[in-house]
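Chain naming follows the written order as A, B, C and D, and within any one chain the residues start at number 1.
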Amino acid sequence: MPLEQKVKYESDCDKEFATWVTSQTGGENLRHCIQCGICSATCPLSLYMDYTPRRLINLAREGFKKEVLSSFTIWLCASCYACRSECPKEIKVTDIMYMLKRKAIEEGVFPRRFPIPVLAREFSRMIFMFGRINETLLVTDLFLRTNWFKFLTMTGLGFNLMRTGRLSLMPDSIKRRGELRKVLDAIDAEEKKEEVK
Amino acid sequence: MTEKFEPRIVAFFCNWCTYTAADLAGVSRLKYAPNVSVIRVMCSGRVDPQFVLDAFARGADGVLLGGCHPGDCHYAEGNYKTLRRMRMLERMLKAMGIHDGRFRLEWISGAEGEKVRTVINEMTEKVRALGPLDLPGKTLEWDKELKELEAHVNQSAPKEEAVHAR
Amino acid sequence: MKYQYFPGCSLKGMGKAYEESFLAVSRALGVEVKELEDWNCCGATAYMSVDETKSYALAGRNLAIAERNAGDVIAPCSACYLVLNKTMNGLKEHTELNRKVTGALKSAGLDYKGTAKVRHPLDVLVNDVGLEKIKKHVKAPLSGMKFAAYYGCQVVRPYATFDDQDEPVTMDKLIAAAGAECVTWPLKTRCCGGSLTGTVPEAGLRLAYIILKEAKKRGAQAIVTPCPLCQFNLDGYQDQIAAKYERIDMPVLYFTQVLGLAMGLSASELGIKRGIISAEAVLAGR
Amino acid sequence: MSDNKNKQADLPRVGFYICHCGSNIAGTIDVVEVSKYVSGLPGVAVSREYKYMCSDPGQEMIAQDIKDHKLERLVVAACSPNLHEETFRKAAAKGGLNPFFFQMVNIREHASWVHTDKGAATQKAMDLARAAVARVRHHQSLEKKRVPVDPNVLVVGGGIAGIHAALTLANAGKKVTLVEREATIGGHMALFDKTFPTLDCAACILTPKMSAVKSHPNIKLWTYSEVEKVEGYVGNYKVKVKRKPRYVNEDLCVGCMECIDACVFKEAKFPDKFNQGLGKRKPVYIDFPQATPKVVLLDPQTCIQLKTGKCKKSCAEVCDRKAFDFEQKEKFEEIQVGAIVLATGFKAYDAKRDHQYGYGRYPGVYTALEIERLVNASGPTSGEVVLRDGKKPKAVGIVHCVGSRDAKSNKWCSRVCCMYSLKLAHLIKEHSDAEVYNFYIDMRTPGKGYEEFYDKLLSEGVHFIRGRVSDVTDWAVTPEEEGRLVMRVEDTLAGFVRRIPVDMVVLSTGLEPQHDAQEVRRRFNIGCGSEGFFQERHPKLAPVNTFTDGIYIAGACQAPRDIPDTVAQAGAAAAEALALIDAGFVELEPNTSHVIEDECSGCKSCIPLCPYSAISFEENKKKAIINEVLCKGCGVCAAACPSGSIRQNLFEDDEIFSEIEGVLAK
């Protein structure tokens, strides 16, 4: 890990960040956090994180936006909702993680070659095209975009899936793709309208 | 005979400060040496120097006296009287060959449970280092010497005088 | 008993065996299920990371279609079950979100009212069909078999309406009804790392290994799960786990497969062969 | 052996009982072994061990044994006599034995709880038991003395504790004298704007109680007064009170305050103590509009007439009640009371002692009490949160635990600071819309509605930074910090050091004993803990009692506490005083001394020793005589009597000598 800047100045903070989080769906209870750490304790992935969920919540609340959005933590969340169901203050930690992931993608600050944000984007692209997901294609695509070398190590799994008839290489698709796109486009239009405001 | 010498120490604690402090040490589960047995008095001023002498005479290796801090006596000034008396007693004990560390006067307030532990542990160690006092044994010896002297006197003195002396 | 059925992408792909066994068991129990017409992907966990409103709209389309017909919606996939429920909850709680999403749906001729009811097959089997009825259908009880009931995260969290979040029991009851025994273990709802194994294998594999190892240690002959992602993750990566940690060789079955076997349905009907770690040896021993 | 048996025949029959106290004693001391050992001692007729001796069945067993075995003496080895001596005396009485034919052996506080070596602890228990058995033989049959109790009560301190105690007692029909050092009652609570966690206005709930005190027919209110001397004993205290001169006749002044307008000083220019020096007052002043009594007073330090005698005295001229009396002197009054409630409160920690926070150096640094006045609608800024230069702060940092939880100042947690800091954070935000930072070490909110209040503050967007601020300086590093106060702290939850620039720093100072707590406790003959707060008789079971009967403590003089706890304690202290008074009499421990007339040589050496002047000399008989009503049982005279003619009941020479002999016998 690179040597961190040791002293943080208030000018490093985004004073509005916490307010932004609480204004989003799922972020309402952010400020109620009492830093008990049960989220980090119950999180099966906290040991892989650069900031534990508890610490991330604190950083978000104190306005350390840069640290929060560029952290690995948000991308390691597996959405198991353990933290959310344990939290004594009913903070929707998982939803906050989603919110921070979206913000990180929007601001382009997520770790570049980290596969998860790439996966998320490919996932939504595929839905936009077909309305459904083909796991095989999604995964293949993902590895080719991030770490094609790792793809080779996975070929054994591919063979196994093929053997058991679980692999399909044809994208499944819904019938009324236009209808779905209309819905998604309508939301885009609505959000543009808001931005103009 | 290689067994470690365990001193026996008698303590006189005033009811209001030092005895309460010892209770507090108990409630706080402080651990200290089991060599000190406490006798409760209402005020350290009740302690007659004879009590101290008697304890030594009956085999105590040390005597500890605990009272309220000067100015804090429940009975206004009992501990000042104790102080005066015990200074005199200390001189007397010294003259009898009873070492400094065997008699100790300490002011311990009701809040000083910790001090009870420290004082008892320190004193136990000190007296242990000094070894047994065994004043009763010494007294027996002195008695024996006296008897021998008496016998000697009786032998050499005229009979009627000896009878008179008895 | 008539239900609508939302298979989701997984049950059409890597989780084929789940669909096969679920439909077979339903048929045998006389539960009528009709696949939701022209359903689309629920958005799963990934879409939420990209666009929140759209992810609600995606699920909203399915719910709007479901509302056109009578009958609760059964969503066997944990992620689908969670996302559909989350959508309904979110649209109920947040009026602004509701306005945006229903507006967008309306523009495509879809009417969302929020009246659908999304349920999990565990819920339907235990609470609607009932254990008594299921026991009557058990023709070949799996006596002497020991399973580890593994629920995974998203069936019970955070919308556990039909079971406990920390100590769920519905699947245990079904396994018991099938005549088998369940091991007692504390990892019933611990995350298997499914959403990470493909992307951050060092984390994902370890989480899966923890589950497999503990199940084995507790004497389970197989893990039984209601989640296609968990099944894939626990079943599919055992070679990698063997390379990194140790070989476990633990078959991972769907609870519908276990029920089906006890009800005397054939292994091929239930997609037993689709397991990468073969369950045949274990099942032959019964 | 035969000798022993012979002796046994003439000895009183002793019953010995050793308590397991669950495992408290039995876990360390082999009680069965001790019981067996004692059964073999001369004179012991019964020796038993039992799980809980103090329980009803335990006491019943003793009473029954006394009857069945014709016991003449009783020894119980259990906990401290301070705890259960009374219990077993009653058990003895129940069995028909004089309760003073009893001796208690403390093997819990003095043995099982403090020793780890089981063998040594058991041996010590045997030694102590043997001593008690030897001593109890010499015990005499005694009677407790009954003394009537004066029904009047003195309450010292007019804060919320004293006010509540006085009102409770007065409502029960007792005559109460309430003595307060300051010119008005109300104490610290009168300084507050709002109270946590309900945020109801302090004045709104306090001032009705203050006027109730003033108007209550059973309460005599003496403000600007101090207790000088206390004599006597439970039920019968004689108290001397000093009444300081206000230079205004309290009975004449109606509090119109026209004199204040008329004062030759046109502008108020002297620091106003009540407003923590943030406001100004004139030499003639009243602390605050609702001061009780509503009577003005003169400050001799600043009043020209009092200093020089050369003033126009326009204040006196304007007074149509002719209340001014520049010649007033301090006077002393004496009262008789049966019980005393001490509610002398606390002192706020002096923030100057923590140099690193710059109090007194940077004008932007305030104490919490100053902020209390600042946010108070009737305070010096009428409730506006502004800095000393009149500017509104954009950011405010509140430092918790100043003068608390610090070995360099006070080790204890002051218990109220977290909550009042939260309250101030809320009020500052409400009054100024500033960004507010709380720097805390642990957040302590145990109380009804307290955690909920914390949660409310969290949701209001107040920053909570866990860490002790290292310093407050005007050392700016970034442009944003220029001209402001910079607080350095490790945000221990974020995991790095932060520098936070603010405009106002609030130091949440802890609660300390009053500066004269030691003198006061000596005056009332009670104890103080090592930290200097008044010592309660038992931390759990006698929290408002002291080791001096008839003197009770309430509120923050005993330990830091908040208003609800203080009021509850004040009520408890009042109830204890009522229980004493309504019993009508007290039973005194019969440990007084008396002179054996025949043996007294009339040397008079005992007479000057007695601190209570209980010993007099009978000229005609040439003998000393002790007045047992005055004697308090210290035994100093008994120790000093050269002829051994003074005996102290319960502590007679032969009792103590046999105890010494017993403890050392092998």
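Note that in this section a contact is a pair of C-beta atoms (placed from the backbone, for glycine too) under 8 Å apart; a residue touches a chain by one contact, two chains touch by 3 or more.
Computed from a prediction, not measured in an experiment: that's the story for all the values here.
Given the touch definition stated above, what is the smallest step count connecting chain A to chain D?
Shortest path length, in steps: 1.
Between B-D and A-C, which chain pair is linked by more C-beta pairs in contact?
Of B-D and A-C, more C-beta pairs in contact link A-C.
Farthest chain from chain A, going by the mean of C-alpha atoms per chain?
Centre of mass proxy via C-alpha means gives B as farthest from chain A.
Between chain B and chain D, what is the separation of their C-alpha centroids in Å?
Whole-Å distance between the two chain centres: 35.
Which whole number of Å gives the spacing of the CA centres of chain A and chain B?
The computed centroid separation for chain A versus chain B comes out at 79 Å.
Report, in whole Å, the distance between the mean C-alpha point of chain A and the mean C-alpha point of chain C.
Result: the chain centres lie 22 Å from each other.
Return the distance between the CA-based centres of chain C and chain D, expressed in whole Å.
Chain C and chain D have C-alpha centres separated by 65 Å.
Which residues of chain B are in contact with two or more other chains?
If we look for residues of chain B contacting two or more partner chains, we find none.
Which residues of chain D are in contact with two or more other chains?
none
What positions in chain C touch 2 or more of the other chains?
none
What's the contact topology between the chains, one of line, ring, star, complete, other?
Shape = line; chains linked end to end, path left open.
For this entry, which pairs of chains touch?
Per the contact definition above, the touching pairs are A-C, A-D, B-D.
Could you pull out which chain D residues touch chain B in their complex?
It is residues 80-82, 106, 108-111, 113-117, 120-121, 123-124, 127-128, 131, 522, 525, 527-530, 535, 547-548, 591, 609, 611, 632-636, 638-640, 648, 651, 653, 656-657, 659-661, 663-666 of chain D that touch chain B.
Where on chain A is chain D touching in the complex?
Interface residues on chain A, with respect to chain D: 4-11, 15, 18-19, 31-35, 54-55, 58-59, 61-62, 64, 89.
Could you list, by residue number, the parts of chain D that touch chain A in their complex?
Contacts found on chain D: 435, 443, 454-455, 458-461, 463, 465-466, 477-481, 491, 493-501.
Within the complex, which stretch of chain B touches chain D?
Counting only chain B, the residues touching chain D are 6, 8, 10, 16-17, 19-20, 22-23, 25-27, 29-34, 37-43, 45-48, 51, 54-55, 58-60, 71-72, 74-78, 81, 85, 109-112, 117.
Which chain C residues qualify as touching chain A in the complex?
9-10, 12-17, 38-41, 43-54, 57-58, 60-61, 82, 90, 93-94, 97, 100-101, 103-105, 107-110, 153-154, 157-158, 160, 165-166, 189-191, 193-196, 198-203, 207, 236-237, 239-240, 273-276
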